[in-house]
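Shared chain: chain A. Partners: chain B in the first complex, chain C in the second.
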Partner chain A sequence: MNTEKFLELLKEELELESDLKVSTNLKELDEWDSMVAMLLIGLVSNEFDVNLTGDDLNSITTVQSLIEKIGPDRFE
Partner chain B sequence: MLGKRNILITGATSGIGKSLASFLVRDTNICVYGIGRSEEKIQDLLGFENFKFLKFDLFDVGDIENLFKSALDTVKFDGFVHCAGLEETLPISLYTYDRILQIFTLNVFSAIEILRNLSKKKYSVDGASFVLLSSVMGELGQPGKVGYCASKSALLGLTRSLALELTKRKIRVNSISPGIVNTPLTRKLFEQIEEDNRKRIVEMHPAGIGESEDVVYLIDYLLSDHSKWVTGQNIKIDGGYSIQ
Partner chain C sequence: MGVKIKALEYYLPTNKITNEMLQERFQDYDFTKFESKVGIKSRYWASSDETALDLAEQACLKLFQTVNKSEVEYIVYCTQSPEYILPTTACLLQERLGLSRSVGAFDFNLGCSGYVYGMSLAKGLIESGQVSNVLLVTAETYSKYINAEDRSNRAIFGDAASATFLVKSEQNGLKQFAFGSDGSGAEKLIIKNGGTKNACVTNPEIRVYGSENQYTDNDLYMNGPEIFNFTAENIPDFTKEVLEINGMTLAEPDYFVFHQANSFMLEFLRKRIKIEKDKFYINMSDGGNTVSNTIPIALKRLKEDLGTVENPLTVVIVGFGVGLSWAGGVIELDSSLI
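Up next, the complex of A and B:
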């Protein structure tokens, strides 16, 4: 998946106010809560067939770290 | 009980279904018919003369009637236990029609189709007992469980209505609602959540989380004549989880 498209997808599906950059720390967003975390897990599963665990979510901070968890080879 | 009993179990290859099958086969007066997708996980059961494995994918609801006509043509069942089911966590915004259809197909529609066939005099004896595995989550809510809770709740409505439809033939229909039981389904659920959350869930069970055997003994009671006056019920078995 194209990284730019991924950032747009995240913004739209997570219903975020501001644009995302790969350096944006997801956990520091106003909207971040347990429901958004759950939505993110579902999204990643749907788009990449990757199942993030609760422990994965714990260690994720920036969009970049999320990309690492999914697998950088899945992005262009 | 006199004579041989035939019991049909869905989800026989894992968790509660497998424990139930393993428990019932020890009684040589019972013939267990277990439905599952793969015999890989039940090699030990295949050795029993009174265990018949029916390799079948319950997502193929339209083929269930054929399963009865081909593999079960001469069998009259004394009991049926629907243990097959899937559990998932998904917020409402991701529950597309296809997604919700999936969980309902396995958890509910396959059971209804089996019951549609089983309820015929051809495939069931008078006095038979049908048990559906719901969940405490059939009556409790939780974020991310729209599909699971709705499907488990559907089984409760089905239980009550079908119980009344079948009393004339003295067939009983009941649900049980387990709390968290130590099974592969639970282990998969636990993998998805953080450790703190896992601990919290375990702590919310005053008597601890359950083992498959705990649930099996209750199902055994419901399948037996000892429970002949119990019908249309939902029995919670949850270590005290839902009373708090």
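Up next, the complex of A and C:
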């Protein structure tokens, strides 16, 4: 998946106010809560067939770290 | 020889809490987003002097408008909100309802998977010839376990009770069931204190999760994302297993009624399993997540929506959650239900 598209998809599916950058720390966003976490799990599962665990969610910070969890080879 | 559902009723406490009311109380939590994602508009909470047993009694009284209570031979009572640590709440229910003293009665402690387990237990009791009917009751008051400042869980969970009367029949109304258990998921949905492991603590440490939801070890704790993850990973394949053991394809059942935990997760599951929208019943916006009550409530509401049906409907029921525990089966619903 194209990284730019992924940033847009994240913003849309997670229903976030502001545009995202790869360096944006998701956890520090105003909107971050267990509902957004749930939306993220659903999104990553649907788009990449990857299941994010609670541990994964705990360690994820920036979008970059999320990309790394999913697998950088899935992105261009 | 089989078992069929003869009657099903449920009861919601009168204290209705809407999202507007919660919004007033918790000004900085976005209930509009909650409503659209989780799919809950209102939930009902037992009052301070009302217990799950009281709710169960009301559900049973409703049932007894069409069922003769002197016929009841056995009570199977599913709850995680027992009246006391002991004695068994089902015995108290026997007395409350004035049932025969020759009934069997016991409680079992399960949550979201409870109704399906209860159905399979009833099938076992009846088909083995031990009794000719079972009164299956689910009753829950999670509201009493949730910290007053835990906005998320206060919004999700609701109290309720249900009563289902299952009887011996020519109809094979309860087909094959499958089960699952994973104790490694214990801490994902737990009340740590108050059991034999840890006593309740006076002045417990206040913990926070998500966006400022407060709880202590005396209260209910749920790791929503982990539960969603577990559900997403296990339930699609499990549902296929349930169809397989019943010799059915995905297209054959009339309806799928899953534990109604949250609508986002349900839609996710529906798409993942590739069930048609029309066959996948979701009805939780009024009532919320009532734990073991969600399936019986949904079944009753489904039947009410449909009205009289000529032939029995085949319904796949799947419950999953606290334990971690899950169960699924295929049942039939017919017009005797309304």
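Here, the second predicted complex is superposed on the first by the 76 of 76 C-alpha atoms of A that agree within 3 Å, B and C clash if a C-alpha of one lies under 4 Å from a C-alpha of the other, contacts with A are read in each partner's own complex, and residues count from 1 in each chain.
As a working rule, a contact is a pair of C-beta atoms (placed from the backbone, for glycine too) under 8 Å apart; a residue touches a chain by one contact, two chains touch by 3 or more.
Quick caveat, the model's predicted, so the values are computed rather than measured.
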- Message: Tell me the contact category for A:34 with respect to chain B and chain C: first, second, both or neither.
- Response: both
- Task: Mind working out whether A:53 is in touch with chain B, chain C, both or neither, as first, second, both or neither?
- Result: both
- Query: Looking at the overlay, does A:25 come into contact with chain B only (first), chain C only (second), both, or neither?
  - Reply: neither
- Does chain B (first) or chain C (second) touch A:13, or do both, or does neither? first
- Of the partners chain B and chain C, which touch A:2 in the superposed model: first, second, both, neither? neither
- Task: Could you tell me if A:42 is touching chain B, chain C, both of them or neither one (first, second, both, neither)?
- Result: both
- Message: So chain A touches chain B in one structure and chain C in the other; where do those two contact lists coincide?
- Response: 34-35, 38-39, 41-42, 46, 51, 53-54, 57
- Note on the structure: The residues of chain B that touch chain A in their complex are 89-91, 93-94, 143-144, 191-195, 197-198
- Message: Considering only the defined contacts, which chain A positions touch chain C in the complex?
- Response: 15, 32-35, 37-39, 41-42, 45-46, 51-54, 57
- Item | Partner chain B, residues of chain A touching it in the complex | 13, 34-35, 38-39, 41-43, 46, 51, 53-55, 57-58
- Query: Which residues of chain C touch chain A in the complex?
  - Reply: 33-34, 37-38, 152, 188, 209-211, 223-226, 228-229, 232-233, 262, 264-265, 268, 271-272
